[in-house]
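After this come two complexes, each holding chain A, first together with chain B and then together with chain C.
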Partner chain A sequence: MAYKPQYYPGATSVAVNRRKHMSGDVEKLREIADDDLVMILGHRAPGSDYRSTHPPLAEMGEPECSIRQAVEPTPGAKAGDRVRYVQFVDSMYNGPSVPYVRSYSAAINFRGVDPGTLSGRQVIEARERDMEEVAKFQIETEMFDPALSSLRGATVHGHSLRLQEDGVMFDMLDRARLEQDGIVRMHKDQVGRPIDKKVELGKPMSPQEAAKRTTIFRVDNVAYRSDKEVIEWVHRVFDQRTKYGFKPE
Partner chain B sequence: MSDLNSDTKKRLQLEIVPQRLLKPETAQVLLNAILDLDGIVRLFIHGPRLPGTVPYGPAKGTPLTHDARRLIEIEGNTMELMVSVGSIRLEVTDADVKEQVYEICKKLLPFPFEFREGNFMLTRQTVSGYARFGPNQDPLMIGLTDPKGKLKDQVYILKKE
Partner chain C sequence: MAADRKKLFAKHLEIKFTKEHGTNKMEGGKITDMVGKYYRLGVDQNPRKLEMKKAGQEIAKKRGLVGYNPMMHCGGIPLGQRALTPSFVSGTDMMVEIDDLHYVNNAAMQQMWDDIRRTCIVGMDLAHETLEKRLGIEVTPETINFYLETLNHALPGGAVVQEHMVETHPALVDDCYCKVFTGDDELADEIDKQFLIDINKEFPEDQAAQIKAAIGKTTWQAAHIPTIVSRTTDGAQTTRWMAMQVGMSFISAYSMCAGEAAVADLSYAAKHAGVISMGEMLPARRARGPNEPGGISFGHLADIIQTSRVDPEDPAHIALEVVGAGCMLYDQIWLGSYMSGGVGFTQYATAAYTNNILDDNLYYDVDYINDKYNGAAKKGTDNKVKATLEIVKDITTESTLYGLENYEKYPTALEDHFGGSQRATVLSAAAGAATAIATGNGNAGLSGWYLCMYLHKEAHGRLGFFGFDLQDQCGATNVFSYQSDEGLPLELRGPNYPNYAMNVGHQGGYAAIASAAHAGRGDAYAVNPLVKVCFADSLLPFDFTAPRKEFGRGALREFMPAGERSLIIPAK
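Entry: the complex of A and B
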């Protein structure tokens, strides 16, 4: 029988969503144009070439190495791109993802990425074109909600604050706004520099939809302790981690 | 310093914490309705700061326009909101006023809110407050601004009595 990875235990909707995010089997909800993505990431001008830190690998004359022969370089590494980052923030009010799950998702489904997991934000570093691929994937799918998550290179504290009156996560730099027509548009890049045009991120999810798609356990939605299997496995991990290496003489 | 106790001991202190951060329009309507009451001694607005420039990161220093940083009119005075209104703390003269404030919140806030009575303001000077403002500070001003802040930027006196 072929091996089938088991990403996360549990039977609640949150556990199911975590499995979906980690396996990469997520629903695509919106489209974002490549130039728009480049604009909100803010690392280079739309349409410009990728800047590189070294010549393409093919021109470099790499040393004889079995690992280099076994591992196919990513497109970004092959071209010698710079390493750039994308950073996501998810609201604690039923945001679509959480830093740990975003990191798992990036590390499991993409090669050559360096996910950084922090309490309120999650950063992915990779060669520029590889990073853009990850960012596009996460923004276009159910791993992103224009109101409850956002791209923030700096000032991320809105994730743990109450939502604004219009249901959008607070942002000190006001990068994305819910406009009159009900669509969230970004008018600054991820670090707060104004951009030339407004980038449409789409309509926010309804509170019911967000609660259904979230990967956050919350007592007012799906409580962590309500998922017996998750608790059992967390206990098992803690138990084994504590006992590991314990060697009474 | 010990004789600088605030004369506000017998007054009630209240805190209103709405479930959402208020829009400037809602904040303006709510604050005006509360301040129309007789018996409001002083009032604080709390919330996340809305700076005028990007404070850090690669875009540090870039002028920042925030939708919530707007001029609002309170009791005929125009003031700039420098925070997104997250909670309001106020001191009132008696329990009747407390009830009236509660009714106003119930009427004007479109979502649930917490409303509680407690001790939310300083009643005597701190050491750094004493060092900054001296021994003769107006008891009503105690704790209204942090010792490093500028009083004129952060405090509005609406009723000069």
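Entry: the complex of A and C
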């Protein structure tokens, strides 16, 4: 019987959503044009070439190496791209994803990625074109909401602050705004530099939709203590790590 | 006990988040609101920031070189895009500016560290044996008193024995002195009261009995070298300065020959054989001498803090004061400055001792434990619950769920602890200290700390930052490790313990857990009775019975430190 990954325990919608994010089987909700993505990432000008740190691998005359033969390089590695980042921030008020699940999602579903997980932000570093693929995937799917998640290279504390009166996650650098037509647009790139044109991120999810799709436990939505299986699983992890240190077997 | 009990943080968060402070326009609303108004007023909304801005401008003008300028933040977007709010020091009603909880801006914090760094404990018995057995000199209470009078002249920098000597000005070193203590009540009665730390007077009766039984008939000197000396040199200087002056005082008080061989024995006793530093020397890669913060074990810090002798019936309070002291010393000064540099650790560390959020969580836990485990959180040894993994899981899980739900029900509490590392520290300190109080076992409390981290991470899908999380993912494995270098009792671990060396935000919590285990049992001390007695002394500038209140006084600019040098500088 083929192995079927279980990804995550639990019976609540939050647990189900975590499994979806981790499996990569997420719903596509919007599209972002390649040039728009490049603009808000802020690493290069739209249409410009990728900067490289070494010649394409095919031109480098690589040594005989079984690992190199076994592992197909990613497109970015093949081309010699530099390593760049995308950094997501998710509000704790039913933001669609959470840092650890974003990291799991990237590591499980993409190759050549280096996810970093913090409390307010989640960074994915990879060869530039590979990183853009991950970023596009996450922005276009239910892993992203224009109001409750955001691309922020710095000042990420909005994740835990009260929402603005318009329901958008506070941003000290005011990178994205909900405009009068109900669309959220980015005025600045990830690190807060003004960009040449506004980039449309789409309409925010309704509060009900966000509550349904979120991957964070909250007492006013899906309470953590209501998912007995998740807590039991945490206890099991704790038990085993503790006992292993006491008596490794 | 009920989950909807009055929250200890409610009053302070209401003032912080629904009342205007300075001109921040934070008027109205509720602390449970999920939506806030953001006026983006910048630094001018806050009185202290305004004062700092003005100072920065004056300094630039005076020296012709720019300095502090809040508009340099984020390329011209200053702090204060959200409301800048003050904080309350937990356990007090002292409202302070958060800038004033940085140790640079807080004289009380500086003095707490000064008072620890400049302190060492020196045994008298080895020296007395040398005098009596080797030299045949009689040692009596009278000679001890005379020696102590000599030492209190010499320790600050007064000359003895030698002629035409440079001396330090007494007004610059007036915080320097030496007292003695002993477990021998008969000898204590004979010591001049000005020199004595009276165990019977400073400690409750049951604690005094424990301490005297541990110390026995030995006699110890609590020596505090001048703050100004310690600041100019380092912690390792403390025993050297002390030993030189102790040696000279013995020579003078007992009319010894300055060059006789027995002096070397006295010197060896004072410098090595009979001396206790507050902190151990660190290995070369961290390269600090004794009496620097990285070498101060959690047990020593638990003993340095004196709340246990003035409020022994409230183990939670004792642990909370150790949290405050530990977060300040280990996070703000040790990790924040010695190890890392920068100023950011303060914002992080203060979460554990401001606005009563941790206090609320821990006192909830105390109620929970007392209800479920028949008063196990009360002081005592017969009422403790057995330290098993099942107990750790039960108490820690309840504590963590309660704390997490507070952040979810009170968005202002979440906003106050806007970094996940802040929340993680607070939640785990509560869970760990509660488990330690209930079981009387520090390592059971530490186990609770790590379970709390796991639970927290899965609830919110986030925890702290890379390095923070790494250490908490693997920490459970070393709590009861069979390997001695990993499974050390918590009291003997310290900031330099494997995996703790860059363990930001944890070490105050660890010290509190060590303290909580013993406070829960009603122990007079956590690991070293000598350290506990040494700091049971109201003559020290910093009041170690109430560190959080002292930090508040420092922030309000009410604390008078030692080691000031205004005597020798031009008057302003």
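The rule is simple: the second predicted complex is superposed on the first by the 246 of 249 C-alpha atoms of A that agree within 3 Å, B and C clash if a C-alpha of one lies under 4 Å from a C-alpha of the other, contacts with A are read in each partner's own complex, and residues count from 1 in each chain.
In this text, a residue touches a chain if its C-beta (ideal position, glycine included) is under 8 Å from a C-beta of that chain, and two chains touch if they have at least 3 such contacts.
Since the structure is predicted, the reported quantities are computational estimates derived from the model, not experimental observations.
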Open item on the list: Both complexes share chain A, so when I overlay them there, do chain B and chain C fit or clash?
Closed with: clash
TODO: Between chain B and chain C, pick out the one touching the greater number of residues of chain A.
DONE: C
Open item on the list: After the superposition on A, what does A:R177 contact: first (chain B), second (chain C), both or neither?
Closed with: first
TODO: Figure out whether A:M39 sits in contact with chain B (first) or chain C (second), or with both, or with neither.
DONE: neither
Open item on the list: One more residue to check, A:G153. First (chain B), second (chain C), both or neither?
Closed with: first
Open item on the list: Output check: A:H235 vs chain B and chain C. Expected answer is one of first, second, both, neither. What do you get?
Closed with: second
Open item on the list: Looking at A:R218, would you say it contacts chain B, chain C, both, or neither? Reply first, second, both or neither.
Closed with: second
Task: Which superposed partner A:T117 touches (first chain B, second chain C, both, neither) - done: second
Open item on the list: Tell me the contact category for A:G245 with respect to chain B and chain C: first, second, both or neither.
Closed with: second
Task: Superposed model, chain C segment overlapping chain B, candidates 62-70, 80-88 or 152-160 - done: 80-88
- [ ] Would you tell me the residues on chain A in contact with chain B in one complex that are also in contact with chain C in the other?
- [x] 154-155, 157, 161-165, 167, 170, 172-174, 192
TODO: Provide the residue numbers of chain B that touch chain A in the complex, in ascending order.
DONE: 18-23, 26, 48-51, 54-59, 62, 64-68, 84, 86, 110-111
Open item on the list: Can you tell me which positions in chain C touch chain A when the two form their complex?
Closed with: 33-38, 40, 74-75, 77, 81-82, 389, 393, 397, 401, 404-405, 408-409, 411-412, 414-415, 417-421, 423-424, 447, 450-451, 454-455, 457-466, 469, 474, 476-482, 486-487
Task: Residue ranges of chain A touching chain B (in the complex, touch as defined) - done: 153-155, 157-158, 161-167, 170, 172-174, 177, 191-194
TODO: Could you please specify the touching residues of chain A with respect to chain C in the complex?
DONE: 18, 92-93, 97-101, 116-120, 154-155, 157, 160-165, 167, 170, 172-174, 192, 215-220, 223-225, 230-231, 234-235, 237-239, 241-242, 244-248
